[in-house]
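Chain nomenclature is as follows: A, B, C and D, assigned in order of appearance, with residue numbering initiated at 1 for each chain independently.
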């Protein structure tokens, strides 16, 4: 019996009097693609921050592969195999695309804080970087400064950095926000390709993406998960319809 | 006069000027010209310039023009060495400095090193006011001459005064926290224990050099210690502010100082300090002296109306250097140094000798008191420094034992 | 060979020739200049200046590891310079007093290494509490620590020597490369050696994983956490390295000046290295080098021409902060790139701007110089080019006001032109 | 006993002087996020302006006009200098004020000379007010006390009773809200900067003749004012007030204590002749503020009364 990739147990988070997360329980199996949806202000970003170690829970626990990570700092969580992206593009704008991805690769390749090696001479690191760039289709733009990339490419780069360290659990925070239709389609394809064999947790507003991508969906409303299930179960759940999903949304993907 | 003639004359004059210029004796003056001790350094510079002008008017130093090159060292030893290097680079072979034994110590070191490393290009350090006794004892150097009486010699005079005044039973020592301040405190402790074992030292305070802006808390301590007299080696702003705080807090015991004559102190002291502030020095302007000396003082104070004739030793230094140049017929630092050793001069206030064994000057000292009954006042206050014959210490009597083992090149 | 993939797919990748031109050639030139200088037979004052420049280059480069590379604004970098210098001086004292034994075999030439150790150790101790924060908090802590250490300097006489400081003698111990280190010309070789070596090492540091991550942390500490790095740890390690190189510069200074006083730890030298680095250009590796050369020159030579040199320095610094945040190096790079991109037109507007600034400067200089002489009270008069400018004369005021109006007007006009061209 | 009384009086006066400086700095820092490195330079300008005005027309006019002048200089600095670099972030602003401090120092040296000026206590107040335990207490010090308290009350009324004060208060606690207040933000910034500088100028007017008016006065007090602001807690005038008094008392009391480390830690075997043993509490006075700063930042980074980390 293997432990679930991620297990949230009775998770609470308050900021002063404001209770943002109120008792979330969730288990995500290895290899699962899980989407978290909910109206604005439901606490989705806070939940991501709790999982990834940016905030520490007021009570309750977060377990990654059976190990409690609820009191770890983000970099410690990351080293244990969880990586995340951000809602707004969060890349190293002063570096080239290649250097961005290389930053994501370095630690996992055992080059941590070393100051006795020239990065240019680390053969495996260069190869891995190139492989990832090729995988996500950014190799042609490898030597452009990240700041000069078009928006959709920056989002792609964000995903590339997120997967670069080889984490088994990937958290993506609205990866397709602000993209056009065709860009979204390409992004979904990329996410599927890039997270193959990994556990994916995604927060997304675009229901097309959610229902196309997710194995299971959780609905977060006012800091509580009101429903978890397969896409068709969620679509049929009256509570979900009432709380969150407009009919037309569901028609759209049907 | 026709054109050709006058042109030839002009050319001749400029040629002469050019030659004179090439034979300038450059003296590097390294002292504070800004900051808390700026006024003190500035007063010294004015006196040096005045003395140099005098020598130049009388035909120069062995026929050469004397020029003072000022360098601001902010009383920082390291900065002083940077400035020393600059002075040497600009052709100064004589260095004068006075403010701060910490600086003098660094300069002695650096000059010694320079002279070993650059034979034939020696530099001579003439110290006019840095009075840490070590410079003419353990750390004496052939390349250093001191034209001021050292801290021990002055302390002998002050402790004698304390011993003579039988009402003084408790003494408070306050000084600046560096080598000179410590030397003063140590000398006071040692000499009082020797001469007047019944006098108790009720306080021994060292404060940061040049950083205290309000001495009231220190004065408060002095008052509450019931001291009958205060001994201080403070100079510059530290002297002025100490006295300012003492006056405003009504501390009226005698203040026995090394540098009560510091520029600005008289204004801060005012009427209230009359009869209670003393200083030990080689001069006060109300001493009986020659007409020539009086004329010199008049000329100086006419030129710098906001300054007083204070650094008599600067004139002694320049005169003795001039005589040494005359005597040796050279302005080479080594020749001047040789000629200075053992030189005896008949000064306006008595005979002055430069000891050959440790390069320490012997000059008469005077303990003067701040008074409202004086001929020459200071800082245009109608107050000044006065002394009686009983306050005079003969040059010979200031002589102390030395541990110096002079190494001559 | 490792860059094969790059070469196959992207033409923008730096070729080996480019790499050589960007990374190796500048250092070869730098070293060549350092070696060639003595051939011109510099005077003693030139040597003093060059030695000071070398020390300041290393000091400023080490400071830029923090400011430019890691984005940490420190007001206390002189602490590491000073502690390194003190360590070196104490070591020199041991060499002087050594009777054989370990210290008897240590050459004074190696003192910068002792300085490095001292600076790095101090960085490791002080950096621990300081590096938990970045930005303004880091700046404040560095200020507090600097003042604290400087105040302590006056207290522990056996370590810092009180007001007198600690002195040493460099002419002891075994000689390296046949240098006795006595005459200043020999000290030059010592300084040149360590300057080039330190610059090389600091550059190499920027190419290491830690060096790259320090820049990543500067730009985006949050992202850095999610690639497995602890930003605090990155800052801390960079801080130690920067402290080490500052200490190395301190060790060079200890040998050159043979004295250190507690003032060397204080806010003033810390402020000076900040100004050097920023004026030179913190975004460029060569910026601090440029800044160190220009400012050290100003410090030692401009101060002979004018007493108001610090005023000019302040004006220069503020102008750079307001109009050229990338410093002198940024201006040079801008000129180079602009000329290459748009050709002579760019050069022309640039030259026009320089002329305008120069005209305005005439007014500023006349004003400042006349004022300085008046405030000194020695009765000196500012006499440039045989003019006799007294504070009262109308000529003086004309020379202040007219250039200022003309210069600033011209600058404004140029700025407007540029705006229209851009629109 | 007398030591305690006098140290208390002197400490409170020094503390209030510090508060006059730190209150302005807190206002500026909390609202604009600018750590005004040149704040102490405005204090120095206040003293020098007062010196010049009082030599022409007497001290009392100087007391009024010197701070106003300093405030105008401050407002102009904000308008034509700081506002320009605002877009480049807080570090650029910090560097700008750092350069400004340099510049003001040098300008002061040129206009008023490199050495201290003879800025005196007005004759009207130059007398001993009372004598206690044989020590005279100068009237001018009590006058400082009055001016500082009057300023404190005026500032309090301004903040609590006026509309402008309410806006400032709101901005102090929620700096990110300033932009949403619907007011002319640049003008508020300019006013706050000007007023903050004027307060520093006022401190200069009454502190310049109490202490020393020289070009070094800015750099000697500047770092201490930073300490006060951080120790008190950012955005908290109350905190700045407490920290000012605390530091004032601490430094004054330290000077008056004669004990050395050997006296205190003698039971640990610390000898009187050892280097550490010889250190006296009095000699620690100059480093106390910075020790406090480092300790506070390590233990409680938000300061005594602050509600946010720096």
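The rule is short, and it goes like this: contacts are C-beta pairs under 8 Å (C-beta built on N, C-alpha and C of every residue); 3 or more make two chains touch, one makes a residue touch a chain.
For clarity, every value in this text was computed on a predicted model and none was experimentally measured.
Contacts with chain A and chain B are shared by C. In terms of the distance between Cα centroids, chain D is separated most widely from A.
Taking each chain's centre as the average of its CA atoms, chain C and chain D sit 31 Å apart. One finds 43 Å separating the Cα centroids of chain A and chain C. Averaging Cα coordinates per chain places chain B and chain C 39 Å apart.
Annotation: 50 Å between the Cα-based centres of chain A and chain D. Across the assembly, chain B contributes 177, 208 as residues in contact with two or more other chains.
Among the residues of chain A, none is found touching two or more other chains.
Pairs of chains meeting the touch criterion: A-C, B-C, B-D, C-D.
Residues of chain C that touch chain B in their complex: 43-45, 48, 154, 162-165, 167, 169, 171, 182-183, 257-261, 263-264, 300, 304. Residues 33, 35, 81, 84-85, 88, 90-92, 94-96, 98-100, 102-103, 105-107, 109-113, 219, 223, 226-227, 230, 275, 279, 283-284, 286-287, 289-291, 293-294, 297-298, 301, 309-310 of chain D touch chain C in their complex.
Residues of chain B that touch chain C in their complex: 76-79, 81-82, 85-86, 88-90, 100-102, 105-106, 109-110, 113, 116-118, 177-179, 208-209.
Per the touch definition, chain C reaches chain D in the complex via residues 73, 129, 133, 135-137, 139-141, 143-145, 147-148, 151-152, 155-158, 267-268, 271, 274-275, 278, 308, 310-311, 313-315, 317-318, 321-322, 325, 368, 371-372, 375-377. Every residue of chain D that touches chain B in the complex is listed here, in rising order: 2-3, 6-7, 10, 14, 109, 114-116, 118, 128, 131, 133-138, 210-212, 214-217, 220, 252, 255-256, 258, 282-283, 286.
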